[in-house]
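The two complexes that follow have chain A in common; it is paired with chain B in the first and with chain C in the second.
So, the complex of A and B:
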């Protein structure tokens, strides 16, 4: 399934919505979206992953890039991740580097 | 301004490339492409072979133009590769002259010695396609990882309690309850257990990529596949074992292992790797071509004048570690693991081989060992030698140390085993072993001594007290493999028994072993599972068993909770008392001017140890004021050991006024009175002496 990423920003919260399979061929689009989001200097980065069905090594690489590009003061939220992707994050330990939520929780995320 | 060196200058069958950089060796990501660099001292031509991941046939073979070779190094940057789905290897042309050590064969596709990930055995135990001409394939790796602030812990050597672990065995048993059994990720789920136990270092048995199918044997009774389970047979020195990663099928084993190291560090636990540089998986002249044999046989292997393989490793070949080229590879490898994976230390399998010259003779000043000791990147890494080899070199106590190297102290193991089973005449040697073996490591200090009673080689602790003889029939070698000199004692019955007296004695003997190990000067090492009485059913060489013989049974955490609790308390006792963890040898003198020597020896009578040939009792006292040469203050510690079959009354040395002896552990007492947590030690009822039960150890603290 083709990968798409859409983005919006509101009140210091940058949100990227990922759909499809995040592999090497898609990683550049994701990376570009992260760079654009980082340029807005958000306080939080929210990755809506409910539509993401697969994440390959290149996808993980890009998440690492996102964390380092945003800096230590920007929390990264990973929302509604599907089980295969959740497992990948767990197996590689990356779930410790982000905040994973089952659903978008405005009370928590937007409490700046 | 754009750099000009990121543009292709050549094209071959649609692939664009340009001359590469000789350094670093291996496949390295560069802007827009991948730099491939490989060397051979004797080859005449080299070809880069690229595969689509998993495909049997190459997608392209790009010959290196002559201009791409500098010295003996071929390098090339290939652009626009899909790094996730590319596998690579090399073909080399050169002379076929076995009598001269040359075995070039351009029909073979060869693994890059510097490959940082290797495909082909992605998931443990999944049978490969044996018709595939290229079994073990180089893969491309990015070095990005989110380490945050992590770095090697640099825990002082004297403070370590090492836990020797097999990655798969630790969590493979269904009782482990982890989400990803038998993997690096599985270990991460059990860090809380390790932390609660109190170990602060895990030493992983080999995790460099190996082929679990290298063993062709089957179980003689069940017919089940036997494996090369331990992995002491390296395919590639720079790649983690894919089959140990839950993400191996996704090619993320590098990330998974790094995540484990990071999480262990976050919990104060160092990571050591058991590294096998003495031989490779290619065997002798009958063995397969995988990598080194076809790239530069004469450089990588020790060869006889007739071109055959020296076999100091007992496995068919011997890596030529003191050839300067091979030495560089070993250094590059360890630097890579130390810097890229934040590894804290290395244990070198059959390390004495690393001190032999290219013709097999032991060197007085081995350049590789010296280079490792003085290397700036490895400066804070712990270096531990298994100071012997299969060629008869035994260097325990004399391994060339350069002020850095520690050793697995096989003499400690042997002496403690014999003493605990009740052999007479060991008291004199036990004095040395309990003090950190100053007779062997006078100038090196007790931290040169890795003290252990059991390790992966040999019986588990439970089996050491349950079997007189090895029972290795299931290995399919007619019970000929494995050591015969185990210094074990079955406590009067071979194997499991319902006899409560024998079982109680066995339990006590295990506690005795832990009490001695954890109060000895030096660095204690515990074998995975011994803390819960893991059994290998009498097998003392389980190198081939991917089954319950090897797997740690987590049900024993509850069924043997008394032993686990005992060990946990003793490790806690060691951590609480720096007087047990001296950096330098004790002297028998009172350096702190407190009225007591730093260590004093006792017997049934205080101040009068019996070191005669019939002695089976021994005690020592450490004065806390002299801990670490008087640099820190600690309590008094007194340890009484009775390996006799009768109880004995031990007269106690008198403490300074105001202090009292308290009981930290008494293996002769039933649980939970057998060990107390720090701060909860009850006062000893008679401060003048203590009855030490038959085959028991008592640990007292004076405060």
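So, the complex of A and C:
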């Protein structure tokens, strides 16, 4: 299934919605979206992952890039990640560096 | 299953995953273990394509072949790229680091090796052969 990423930004919160399969051939699209989001200097980055059915290490690499590009004080939220992708994030220790929520929680995320 | 031969380019990753998904379903792997095999094959195929072929200035195919045995499902990736044994890659020491302090990359082979029940590598007659094995009945 093809990968798509759509973006919006509101009140300092950059939100990317990832759908499909994020493999090495799709990672450039994700990276471009991260670069564009970083250009807006957001306070938080929210990744909506409910529709992401596959993520290879190319996606992990882009998450590392996002954290380093945006800076340590920009929290990254991973929302509604599917179980197999969650397992990959946990095998590689990413759960310590991103905030994983089951659903978009406006009260927490938008409280800047 | 009949083998699938695709060109050594990143656009081949999706058909390779579809083939592995079909093999996992046929052999009765549950969704979680099927996904892990799919991830492992995808990571190794990505390495073959990116490093074994493209960065080495070579072109060639990747063949993927699934063998459904009574106890195990074996998926074999075979290519004529630069010889590369994933088992010789050092385990990354970045897993415990915050993302701010990590190198960008270096997790693909680790994920592949961690995700399957058994991993073997052979180099025979100019061919890399990466062999990934999943038990059909999880212990």
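Following the convention adopted for this analysis, the second predicted complex is superposed on the first by the 112 of 112 C-alpha atoms of A that agree within 3 Å, B and C clash if a C-alpha of one lies under 4 Å from a C-alpha of the other, contacts with A are read in each partner's own complex, and residues count from 1 in each chain.
To be clear about the criterion, a contact is a pair of C-beta atoms (placed from the backbone, for glycine too) under 8 Å apart; a residue touches a chain by one contact, two chains touch by 3 or more.
Computed from a prediction, not measured in an experiment: that's the story for all the values here.
Superposition note: with chain A as the common reference, chain B and chain C are in steric clash.
Of the two partner chains, chain C is the only one touched by A:21; chain B is not.
Looking at the shared chain after the overlay, A:65 reaches both chain B and chain C. In the superposed model, A:90 lies in contact with chain B only, and not with chain C. Of the two partner chains placed around the shared chain by superposition, neither chain B nor chain C is touched by A:40. Once the two structures are superposed, chain B and chain C can be ranked by residues of chain A touched, with C on top.
In the superposition on the C-alpha atoms of chain A, the part of chain A touched by chain B in one complex and by chain C in the other spans residues 23-25, 56-58, 60-61, 64-65, 67-68, 72, 87-88, 91-94, 96-97.
Residues of chain A that touch chain B in their complex: 23-25, 56-58, 60-61, 64-65, 67-68, 72, 87-88, 90-94, 96-97.
Chain B meets chain A in the complex at residues 82-85, 142, 144-146, 148, 179-180, 183, 185, 188, 245-247, 250-252, 255-256, 258-260, 262-263. Those residues of chain C that touch chain A in the shared complex are 10-11, 13-14, 17, 31-32, 35-36, 38-39, 42-43, 46, 49-50, 94-100, 102-105, 107-108, 110-111, 114.
Chain contact summary for the complex, chain A toward chain C: residues 1, 21, 23-25, 54, 56-58, 60-61, 63-65, 67-68, 72, 83-84, 87-88, 91-94, 96-98.
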